[in-house]
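What follows is a pair of complexes built around chain A, which joins chain B in one and chain C in the other.
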Partner chain A sequence: MMARVLSRLAPLLACLGLLAIWQAGSLMLNTESFPTAIEAVRAVPSILGDRESVINILDSLRRMAIAFAAALLFAIPLGLMMGRSRLVASFFNPLLMITYPVPKAALMPIIMLWLGVGDLAKMLVIFLGVSLPVIYHSFQGAKAVEEKMLWSGAAMGLSAPQRMIRIVLPAALPEILTGCRTGLVLALITMVTSEMIARQSGAGNILFNALDMGQYDTVYAMIIIIGAMGIGLDAAFEKLRSRLVRWSEPGFDIPLSFA
Partner chain B sequence: MIEIDHVSQIFRTSGRQAHLALSDISLTIEDGAFVSILGPSGCGKSTLLYIVGGFVSPTEGVARVKGRAITGPGPDRGPVFQEFALFPWKTVLGNVMYGPRQQGVKAAEADAQSRRLIEMVGLKGFENFYPKELSGGMKQRVALARTLAYHPAVLLMDEPFGALDAHTRTRLQNDLLNIWERDRKTVLFVTHSVDEAVFLSDKVVVMTRAPGRIKQIVDIELPRPRRRAELLLDPRYQKYVVEIERMIDDTSEDGLRP
Partner chain C sequence: MNARALTSEVLLGIIPIALAVALWQAISSFGYAPVTLLPPPGLVFSRLAQQLGTSNFQHEIASTLFRLFAGFSIAVILGVGIGLAAATNPVVNAVVRPIVRVLAPLPKVALYPALLLLLGFGHESKITLVAADALFPILLSTYYGASMVEQKLIWSAMAAGTPRRQILFKVVLPAAVPSILTGCRIGLVISCIVVFLAEMISSTDGLGHMLVTAARTFQAVDMFVPLITISLLGLILNGLLQGLRSYLLRGFPEV
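And now, the complex of A and B:
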């Protein structure tokens, strides 16, 4: 009972602990560029109360959502096809090997030359950041699908495309969603960095403008807000994920006595 | 009728070597017969079953079903794999309904039929369990029900009871015989157990160690319905078992597992 309550409270305690260390650290350093945790937290409501700022943050989230969705629509089918076809895999694998280690935000200046500083460039960067882990995990998931499962489907009369959608996709879903979760975090990171490079609107824009103007409490308040968005998105996604793949989670009671 | 006509299978192994898994197999299986393929592991039993299933195409020779050459899988031949291969994202009911739904049976009808089948294989009450939540014997029952659900004329069973404990195995053998005696499907049943083969079959095909050839075909002329307790005491049953075990000792040093 006690352990249960503690493990529920653990994340909260961890956050409070972090804020306490921050508070102590900034009091010790005592420089203007490192506000105390209390000052930063106090600046949060004024940002969230400001119409302009909220529009900026919603703009960021909109770009992120569109790019994330587009990336899934592109990456999942591609990864699954790579996992089931040696030909497709041997074509795309080298391309992925080259692009995987490139920091996507570093491409931002080049992409801006093509697409300008608007939404499209930023969304493309987010799209690239999300796509790679999702392709990789979909690929691994599809490759691991038990062949006999596909054979069973074929014997029931499922065609090859039907087997892809109705067997490979659900069988690989736990692995795909692991990739999506990584992709979601990367989406947030690339979202902020893209706005750092192409200042125009967005959460990153508020943060880096404040930094330029020396409004350090706003800078740290934005870091808190972005962090909280990350935690919120991840928790929401995790909830959705565990619902979708309940069938694959361990920890069921197995009635062993029954033959 | 299933005809296996001079079938050979060569696999290329990763070391680029050719491995002869099946060598010149010819075999005819009558409609409604229960035929077992018996042989040591690695002799190509599964491969032969996959060829009839249409999952593997033979390097040489042809397999035919109802006179037509087999070119791929089809719902006329229902496999029950050693690995179960259930759909883990579907419940027991979802797994069993899958085939009928695919064949266009209406949801309500498929549901009712599948529930009856689940009851028949002794899993009433487990309709909404996921495969993860089932024991090996239960999974095997689901796999059997899932295949029976789309009414294949031929059942292809690959060591279905090989991984089960003796007690569960005996129960499932009896259940399978009951089901078979009811609707007399053609059954091609792979096993490495002599007892099991003699107990279940009309015909036992004894294979040699790799490369797999047919050593001998033994007709099992024991009356049906067969009761295990009676059969074990029946000298004719004992004679078949001993005869077949001798045959196997002839071809392999380490023999078969009992």
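And now, the complex of A and C:
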């Protein structure tokens, strides 16, 4: 019982520990550009209390959610098809390989030339960033599905699309969700960077504008807010994941890949 | 798989890339997009070839590569070290695990402004960011690789008289190598992405900086060149790592 409580509290303790290290570090360095943790935490409510900032941050999250959903709808079917068909896999693999090391947010300036600085450009960039890991993990998951299950399905008269939805999709689900989790963090990263490049609105914009104007409290407070969003979204997704695939082997509680 | 099947697979894979380039060419040559927005592929690649010969461009690539390798090496050393320690020592594990759990999903790019303020605009802040981003996949895959080592292997080694201290290096580390290399591969791709982004945010040299300068002056051709270069660099580095992998794992059963 005690151990369980402790393991539940461990991430919280880790947060507090990190904040304490920060506090000690800033007290030791004592420079203006590195405020203490307490000062930064104190600046958080003033950002969250500001109407405009909240609208900006919610705007960012809305873009991220739409792009994330669109990427899942596109990437999961593609990944599953690649996993089940060698032809499809060898068709798309090289293309994915050359696009993998390209920073998606770096496409922002070019996409902005075509689509302007609006929502569409930012959502497209997030979409691209999320798609790759989700495709990759769905591909791996679908490839590992046991042939015997598919044969039994076929013997029982399931058509190919039915087999895909009723056998391959559930069997690959744990792996797909791992990809989605990676994709979620990436969506957040791409969101921040895209807004930093197209300085117009959003959480990334607040962060980097504050940096340019030398409002160091705001910089660190925004880092805390964005960091908390990452940790919160990841924890929420992990809850959902463990519900959806309770039957699968107890997965790792930390996402394995972060590509 | 025989060689012929492999060749046909490679050929099949070239099709979508060729199609993409053809589409790109068609869009620009039929005038759907002005050259200022989408320069034709021939122009971009000849520009790339021309740039590759200039010492200026080589200098940019060199500084990007330097940061990439420095950050990646730090991430490998720390990741493998901490991962092994956490997998073999329960006390370390109890400390590291919650910290990793909190830090891994943190968007590291958001830390970059803080790194800039603390470490300045030079190499240090970028290398730190690359290391911070590449660290976690390497650490986690080392950890899982090392904690999945078959107990039988350890018992056999102990039965054969291997001292406890040496088991880590003679059994656990080699057995975890495939997993570590997978982590390194992911970390390498991330390093490519992150170094470029960091250079875009604040830099005076490097490929990312080239892109930003080109974007400021609306030189579309020069915007494509660094992007293609980083993609090629990623491919080359990935190939090198793949080579290292097949060299290191030559005795391992196929996974």
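Quick notes on this one:
The rule is short, and it goes like this: the second predicted complex is superposed on the first by the 248 of 259 C-alpha atoms of A that agree within 3 Å, B and C clash if a C-alpha of one lies under 4 Å from a C-alpha of the other, contacts with A are read in each partner's own complex, and residues count from 1 in each chain.
Operating definition for what follows: a residue touches a chain if its C-beta (ideal position, glycine included) is under 8 Å from a C-beta of that chain, and two chains touch if they have at least 3 such contacts.
In this text the structure is predicted, and so the values were computed from the model without any measurement.
When the two complexes are overlaid on their common chain A, residue A:223 makes contact with chain C while staying clear of chain B. Applying the stated contact rule after C-alpha superposition, one finds that A:208 touches chain C and leaves chain B untouched. Note on chain A: of its two partners chain C and chain B, the one contacting more of its residues is C. In the superposition on chain A, A:95 makes contact with chain C only, not with chain B.
Within the superposed three-chain model, A:49 lies out of touch with both chain B and chain C [touch as defined at top]. Of the two partner chains placed by superposition, only chain C is touched by A:87; chain B is not. Of the two partner chains placed by the overlay, only chain B lies in contact with A:154; chain C stays clear of it. For the contact definition in use here, the residues of chain A common to its chain B contact set and its chain C contact set are 252-256, 258-259. Those residues of chain A that touch chain B in the shared complex are 146, 148-149, 151-152, 154-158, 167, 170-171, 173, 245-248, 250, 252-256, 258-259. Looking at the complex, you find that chain C touches chain A at residues 9-10, 12-17, 20, 33, 37-38, 94, 97-111, 113-114, 116-118, 133, 136-137, 140-141, 144, 183, 186, 189-190, 192-194, 196-197, 200-201, 208, 211-212, 214-215, 218, 220, 223-224, 227, 230-231, 233-235, 237-238. If you check the complex, the residues on chain B that touch chain A are 53-55, 72-75, 77-79, 81, 83, 85-90, 98-99, 102-103, 130-135, 137-138, 146-147, 150, 152, 164, 167-168, 171-172. Interface of chain A with chain C (complex): residues 10-11, 13-15, 17-18, 29, 33-34, 86-87, 90-95, 97-107, 109-110, 113-114, 185, 188-189, 192-193, 196-197, 207-208, 210-211, 216, 219-220, 222-223, 226-227, 229-231, 233-235, 252-259.
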